[in-house]
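Each in structure tokens, the structures are laid out below.
What follows is a pair of complexes built around chain A, which joins chain B in one and chain C in the other.
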Partner chain A sequence: MERQEIVDEIIEVLRTVRTVDPSRLENVTEETDFLTDMNMPSTELINIAAKVEQKFDVEFEDDDIDSLGSTVKDVVDLIIKAKARGVS
Partner chain B sequence: MTEETDEQLLNRITNGNFVGLNPGRVMLHGPTKLLIDAYYWHSPNKGIVAGYAPTERDVEDHFDVFRGVDQIEAFALASIVSCCAFLECRKLNCLPDVLKENFIPAFISVGQVNFHYYIELGDRFISIANIKSYKWRQMVCDGRIYKVPKDLDLDAYFSDFTEERLLNYDISKDFKLVAELFDITGRAIKKEVFKQI
Partner chain C sequence: MGVPGRKVAVVGMGGVFPGCENLGAFNEKMFTGKSLIREWPAAAVYHKQIRSVVSGYITEEESGLEAIYPTSLSDYPETYIDHRGRVPDINLSTADLGSIWAMTGSLESIKMAGWTNAETESEQTGVVVASGGGGNVISRHAWHAFFEMGKKSRIAGSHTVDRTMSYREAANISCLIKNKGVCESIISACATGLGNIGYAYRLIKFGLQDRVIAGGVEGTALETFIGFDAMQVLSKGFSPAESSRPFDLHRNGFVCSFGAGIVALEEYEMAKARGAKIYAVIDEYFNNSDGDGNMFYPSYEGQRRLWKGLVNGVPGIKPDVVKVHGTATPVGDIIELISVADTLGDEGYHISAPKSQFGHMLGAAGSVEFIAALLMLENQQVLPCINSDTLNPELEGFQMKEGWKGSMKPAEAYRHLIPQETVTKEINQIVCLNYGFGGTNSAMAISKDN
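Let's look at the complex of A and B:
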């Protein structure tokens, strides 16, 4: 799966999150920061991670979430890492 | 309340719940400002009922009234801290002391809180908390605080309490509603990560 495909899927996930303003989804890139660019409450990151986990059929570890940053790139990297871990 | 050996506590964590345990064995802070002195009911994946009677220190310089922010803190300690500590200890098969070495219990969000009444010196209150979600060491609880009727034996009263009654706040009308709390959120964060924040 290409990175841009993952970003597109993440945007679809974000459309289902109540606290996300749909107008902020127009120009999302990997550099977009959930907290500063999308004005999202930090507690929402856990909900997004849970939705992403389900959407991509991957499993995140406690430590993954501890070190998760707040950009789309951080989530893309985590999905790729979790998928690679699941492949073994 | 008798002090348990480490072996007894670990057995309780593996097979039981926190009812009857001294909260001082669970809290990662203290011994002052524990703001919780008894567990009356506990279902590890559903919720908890815990209690506290404010001391003179708690109400000092405040008209003998227990502060609203301390109510929120007491509820958080009863709910997200206690319940999260239990589940993490069960998962890691360890005692709370081990969590203390590795984690900071971070209070990260308060949703809405509605105050209805007050607690003063000489009162006892209970926090009734239900777990809304728990994942990746982050827990969200809703619940209520009630002032306890005088001379009520809370151990006996909650001995046959159920998850259904917890979710419905099904308790005697003699309990006085003090506060409703929503989306009280906490997370156990690894110490090394916490220091980088």
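Let's look at the complex of A and C:
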């Protein structure tokens, strides 16, 4: 799965989060920060992580969740890592 | 203690009522003697597991809301959409159904009160609202995902705490209206609704706040209904509209219902000075406990002491209507009837039991019935006690027990106090009564502003 495909899927997940302003999803890149660029409450990050797990059918390590950054790139990296672990 | 000369006015009200689009529809249906109780499809699905399937329930759709369900937990309302545009998404994300009703009821109350944003957001504005139960709908699915499905704790999202905690309604209202004064909940089972209004009254009367949003809520939850069904205390065997029958000889339990009642209270002189419409003046609030060690059984002595406390605080009290708790349980109604009559005498007032029309809203009962009392003052009409068709011509079992200290008249002797049709008359003062498990009793007297 290409990184951009993952980003697109994450955007689809974000569209289901009512606290995310849809207008902020127009120009999302890997550098977009959920907290500062999307003005998202920090409590929503864990909700997005849980939704991403379901969307991509993966389960993140608790330690990885604990140290998760707040950019789209951080989540993309985590998905790739989890998928790789799932394959091996 | 109260600050001498300081009075408390009711300047606004709002809420969510079964089968009613708004307060106006509630007013119309109540005073034309309609029942708000229906067969509940969500309960009927489980007809083999439960006794009762009637309720004054309110669906999300009826309250202008839509639940959003994630795919993996199909029955879990992850959040809600407010199709009437009243509550922002960020506030909806931290709320269960009842908390949303609390917020919309608060907005209605503030609008009716005419408070400015500066007044609402003041350090002198408080919020005192609660429900009787926990956030059962949210909790059940969250715990099911963890315990039964073996999912990570995060799978139910990060809002399980704020959407289920005991004072979630007050917290959600406060975050929405941004008041800077008190934010608390008073929780006392089925006395919760009146208890919160009573505590709010004291905050103003004691000089601690100038304005308070107060009331009680019970969000529709089959889980809550099941708990009472298990106790075998719910009405059974009647058509929905005939199921809630306070004082009637054939009553066999209460109808478990849901709703929200919120009021805006304000220091009287401040409300008067800004030209606010005053729906009622609160004369006094008094509450106590039975002190007999019994969780469930009503206490005649406890209720007589309740009346004594109220009367002490309102010299010359002469209510035109007594709005009773009147749940339609076999024992409670007649003990309450006799405690009222033994205090006030057998003439000169009417007894109103609004649960006959909408059932028992649990944590919302006291506040929605308080709103019903405000409407009685406003309309100068007594609500009918529908379904009170036959009053017992014989003495109750408890009246024949050794040690009974109350009236030795049967319920039928009080027929003239309990109207079956709406009565139009001059109403200047109403007493509201509510009780709860644990032997907690609450009473409030309100008067028309003259």
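What we mean here is this: the second predicted complex is superposed on the first by the 88 of 88 C-alpha atoms of A that agree within 3 Å, B and C clash if a C-alpha of one lies under 4 Å from a C-alpha of the other, contacts with A are read in each partner's own complex, and residues count from 1 in each chain.
Here, a residue touches a chain if its C-beta (ideal position, glycine included) is under 8 Å from a C-beta of that chain, and two chains touch if they have at least 3 such contacts.
Quick caveat: nothing in here was measured; it's all calculated off a predicted structure.
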{"item": "Superposition on chain A - do chain B and chain C clash or fit", "value": "clash"}
{"item": "Chain B versus chain C as contact partner of A:51, first or second or both or neither", "value": "second"}
{"item": "Partner chain(s) touched by A:67 [first = chain B, second = chain C, both, neither]", "value": "first"}
{"item": "Which superposed partner A:43 touches (first chain B, second chain C, both, neither)", "value": "both"}
{"item": "Clash-bearing segment of chain B, relative to chain C, as chosen among 3-11, 75-83 or 129-137", "value": "129-137"}
{"item": "Touching both chain C and chain B, counted on chain A across the two superposed complexes", "value": "41, 43, 46, 49-50, 62, 65"}
{"item": "Complex contact set, residues of chain A against chain C", "value": "16, 18-19, 41, 43-44, 46-47, 49-51, 53-54, 59, 62, 65"}
{"item": "Chain A to chain B touching residues, read off their complex", "value": "41-43, 46, 49-50, 60, 62-67"}
{"item": "Sites on chain B touched by chain A in the complex", "value": "108-109, 135-138, 185, 189-190, 193"}
{"item": "Touching residues on chain C, where the partner in the complex is chain A", "value": "68, 70-72, 79, 81, 89-90, 92-93, 152, 154-155, 157-159"}
